[in-house]
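Should a chain be cited, it is by its letter among A, B, C and D, assigned in written order, with residues numbered from 1 in that chain.
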Amino acid sequence: MSRYRIEIRVTPRKGILDPQGKAIHHALHSLGWAQVDDVRVGKAIHVELDADDAGAARDEAEAMCRKLLANPVTEDFEVYQVEEAGA
Amino acid sequence: MTALNVPGTPRLPAAVDPRPGDPEVTDEVVADHGLSPDEYTKVKAIMGRTPTWTELGVFSAMWSEHCGYKNSKRLLKTLPTQAPWVIKGPGENAGVIDVGDGYALAFKIESHNHPSAVEPYQGAATGVGGILRDIFTMGARPIAVLDSLRFGDLRSPRVRYLFGGVVKGVGDYGNCVGIPNIGGEVMFDAAYEGNPLVNAMCLGLMKHEDLITGVAEGVGNPLMAVGARTGRDGIHGATFASEELSEDADESSRPMVQVGDPFTEKLLLEASLELIASGHITGIQDMGAAGLTSSATEMAGRAGNGVEIDTALVPVREVGMTPYEILLSESQERMLVTAKAGHEDDVRAILEKWELEAEVVGRVTDDGMFRVKENGVTVAEIPNVPLTEACPTYEREGIEALEVAELRDRELPVRDTLPDPSLALLDLIRSPNIASKRWIFGQYDTTVRTATVRRPGGDAGAVRIRGTKRAVAATTDCNGRYVYLDPRNGARAAVAEAARNLVCVGALPTAITNNLNFGNPLKPHIYYQLREAVRGIGEACRAFETPVTGGNVSLFNETDGKAIHPTPVIGMVGVIDDVAHLTGHAFREAGDAILQLGDNTDEMGGSEYLYRFHGGLVAGHPPSVDLLAERSLQQAVLAMIHTGLVHSAHDCAEGGLAVALAESALGEGDDPLGVDVELPDALPAPALFFGEAQGRVVVSCAEADVDRLLEVAADHGVPARRIGSVAPASAGVRIRGAGTEIFCRTASLADGYFNALSSIMDAAPAAATARDHTA
Amino acid sequence: MKAAVVTFPGSNCDYDLYKAVQDVGAEARFLWHRDRGLDDADVVLLSGGFSYGDYLRAGAIARFSPIMDDVVAFAKAGGPVVGICNGFQILCEAGLLPGALIRNASLKFQSESVWMRVERTDTLFTRDYAAGQRLRIPMAHAEGNFRADPETLKRIEGENCVLFRYVDRHGGASPEGNPNGSMNHIAGIVNEAGNVMGMMPHPERAMEAVLGSTDGRGLFTSLMGALAAGSAA
Amino acid sequence: MSRYRIEIRVTPRKGILDPQGKAIHHALHSLGWAQVDDVRVGKAIHVELDADDAGAARDEAEAMCRKLLANPVTEDFEVYQVEEAGA
């Protein structure tokens, strides 16, 4: 067993309205960042857990996303970083 | 400047070895803890030795202005606190009054100014959290909150950021816990630019027999820490709140921001009420300012006992916390409970049901000491009574600032630069100080608990007491400009306005809580403001028979040496005997008669008109307050309402009579009406339309009932007359007088009134307002 | 009628709902989310509030409470289930109702009285209303923006599952009448079987004139009537 | 000028209470993931913008974080992926 640090990103599905992204886009424009084109806002979830290896850690994380962390109607998820924590 | 004597110290504490790793106590360290050399000498006299680092931290917090009321205690003692209906006066977590039918009302106001200046969202949210806990630790279920806010000029992006964050913080917290917001106030004035004020008030209802207080009774009884875990948040918040803010203050010198968790609060609320009802505990208190230290010592103090705590037993959020940190942490959503010995598991079971923790952290002792151990090793031992009672209190020199006297006596420029009165009304109605506050309370749940019978937007909010015909009403009021120009009179005006607001909804003013927001009292002109304002509050409360049952003091509200307007916010509660008497400020029907109670005067000092049309000018004599006349007015309005014939009642406040008439015409915006009024007074137009003379109320009734109501007013010796009629919306708002006329289309007024704040706040997504706090 | 109101940690309208069903003559009781069994309830109601603080997503954690297994079984067996505000969010998360409720387009918590139009009167929940009746009801939420993918939305509309739609004060489905950005102005829906409904506004806050409106009563009297008729039959 | 896709993570500062993370942690435990030890929740922000090169894009993103996207009192931010978008 080792300890793994996992980063998960849960984002609004393409095609699903993202009111928060829209508001930030608007705010960035009015602050002068006219070159910004697309803004989407989701959740960054950091989880630490014990698992046998990185693959198992990732599997667990994906199971958590499917069961709880993301709503399949409106959100996509991605487990994008699995890193062994310093002992 | 004189200091009180130290009350008899029972005996000296034992010697305590310095804890390895703790800093040494030097003069510099003492000064950093906000203790003066004299105060430190007193500490050493109480201790009979040099205090340890931990002990110094404890003294520093308990003897801060926030906990010790050093500069205000003597003044507060002059306030009236007694009445037959007062059950608990000042000194408890909240005041409690009888409201009839076996019910008691706990209520209090609390400030969170400094934290909100640093982090508006969390500062405001945790402010609401704290005041809720003060209420439910009395055994009362919170039934309503109000928020009294002050900010600088909304043209500043930083101010918009603060305002937006504070409103969201107040809302998110109260909404989640499920306590309706029923009112409050907000004022924007350059004087609050660097130092916003965030005061939150809460009302709680209980049966008389459910009252419990924060007392650590019964030697040997266990003390239990209940609720959230202790982290490093807000260490020394109490001391921080007792210092001036400075623009370039080092970020790291500030206490770690306290983050509120309203969900935990809701669980803690339910668990606490269940605990109190269970009979397993003898006392309970919030770990608020100065955290575990103040709750433990105050609870012991009230019982005349001592307490012993082991910090290693306190559930913590982070590893390696020192006793100093654990004692002074201001982590939110925590309570200290004195359980009955042997009932620890029952307490745990109740907390467990609500998915919360409860741990024994110490016990009540008979030796009068506040003793702190870490894994059994004593790290602090302080005689409890001197710690809680012997905080030096000061009576300082108070002298009015010359510049204020000059401003007050200045010739006002209003007469020669009169804008067209119709344009003036259109402009005033969209002033953020006058415009509808819907943008604020639209973010607050106002109807949860299905008891709100007066929502925000009128003169006062009200919630009914289920199972009875009664309701309780509440309001917060203070015009800091008036207080700045004339502290005593301005404070009287704050109390008078609060009472007027209550009678306008049909409530009998009953008692007040107050929040004294002032600058640095070590400056003679600030101490003068404080002294005179307290005097004014006392006079008005005596005149209205509305005793003071508690309150809060927030001093040092200065940024880079510049003080806010002195702002003694009055939170007043009243009782409505029968909800059938509930009255609103909105006119009801075209054709109704409009009556005016009270006299128009030539007083423009401190008015919104001056501020708005004369470059932010705050000058002149604020409107005078005749307490006897106010009292008669209040009684007359209530008597009129009790006839059942009054269709609406609204007091005149900022913006004067013309604004009051327009507000009554606009109502909640759904069914606006018009006004046709003629004012015969021989007064200059600005004073007649926009002067803020006190003691005036606009009432409407059916044509047929005019004489009857005028008679009631006459019986009370209150000047009253008919000034016109309610008109259909299509007729607009027409007010004739002073040889001229105001005419505005109802739709234009409605647009200005209802959209002013949102057009400022929603149109300009400065960093600020767009920054989002919930992921 | 025996009505059971479920209390989750963070529910804050459970008592209001309890009182509302009592008000129309039902026998009301609370069920604790950790307990099992529905105690022979005729109808189960999930109230508003912030179950688990609405952290993560509104309703996401509450739907895993032990009692939800019983609620799902009850609903699958045709038992009437009502979700109001947070209760609606929980029912969507639990898959008992289609779609999802995301943040209001304004990104704000919005507390106001809204108008909504009754779209169907042939259900357990709306039979005491008149077709097309306009109701004035308080709403108070931050996440009530109804969303569904195009097929689902088509099915919702096609199967006539919309119970209430936000309208303006004149009864029109204009943009001003839509407070939170919901697709097709949807304020409340019912499942295809007709026994599970959810809505964002709070009918239990519109039960008495002294509170400002009595327009919410119809929902509860409908249920009472329907269940009385059902048990008599 | 090219188009860059940028991922930003905004997280609660260390030591600051994260009620959301706490609640999710608790939920994961009740769902049987006892091996989970720490959960923290922040925001994942995806921005697309035009810039001269990856360095410039990163600089802009950091400026946005400082000015708008992160609250310096309570949050840390990290610009962790700057990627040229397919033309």
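The rule is simple: a contact is a pair of C-beta atoms (placed from the backbone, for glycine too) under 8 Å apart; a residue touches a chain by one contact, two chains touch by 3 or more.
All figures in this text were calculated on a predicted structure; none of them were measured in a lab.
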item	value
Path length in the contact graph (subunit B to subunit D, fewest steps)	1
B-C or A-C, whichever has more C-beta pairs in contact	B-C
Length of the line joining the C-alpha centres of subunit B and subunit C, rounded to whole Å	36
Length of the line joining the C-alpha centres of subunit A and subunit B, rounded to whole Å	41
Intercentroid distance (Cα basis), subunit D paired with subunit A, Å	9
Subunit A and subunit C, separation of their C-alpha mean positions in angstrom	31
Two or more partner chains touched - positions in subunit C	52-53, 55-56, 61, 64, 107
Residue numbers of subunit B (touch at least two other chains)	261, 263-264, 355, 767, 770, 772, 775
Subunit D: positions in contact with at least two other chains	19-20, 23-24, 27, 31, 41-43, 67-69
Of subunit A, residues touching subunit C in the complex	12, 15-17, 19-20, 23, 43, 68-69, 71, 73-74
Residue numbers on subunit D that touch subunit C, as the complex places them	19-20, 23-24, 27, 30-31, 41
Residues on subunit C engaged by subunit B in the complex (per definition of touch)	9-10, 12-13, 15-16, 19-20, 48-50, 52-55, 107-112, 138, 140, 142, 169, 202, 204-205, 207, 210-212
Complex contact set, residues of subunit B against subunit D	118-119, 122, 228, 231-233, 251, 256-261, 263-264, 317-318, 331-332, 355, 767, 770-775
Subunit D contact footprint on subunit A (complex, rising order)	3, 7, 9-11, 21, 24, 27-28, 31, 33, 35-51, 60, 64, 67-69
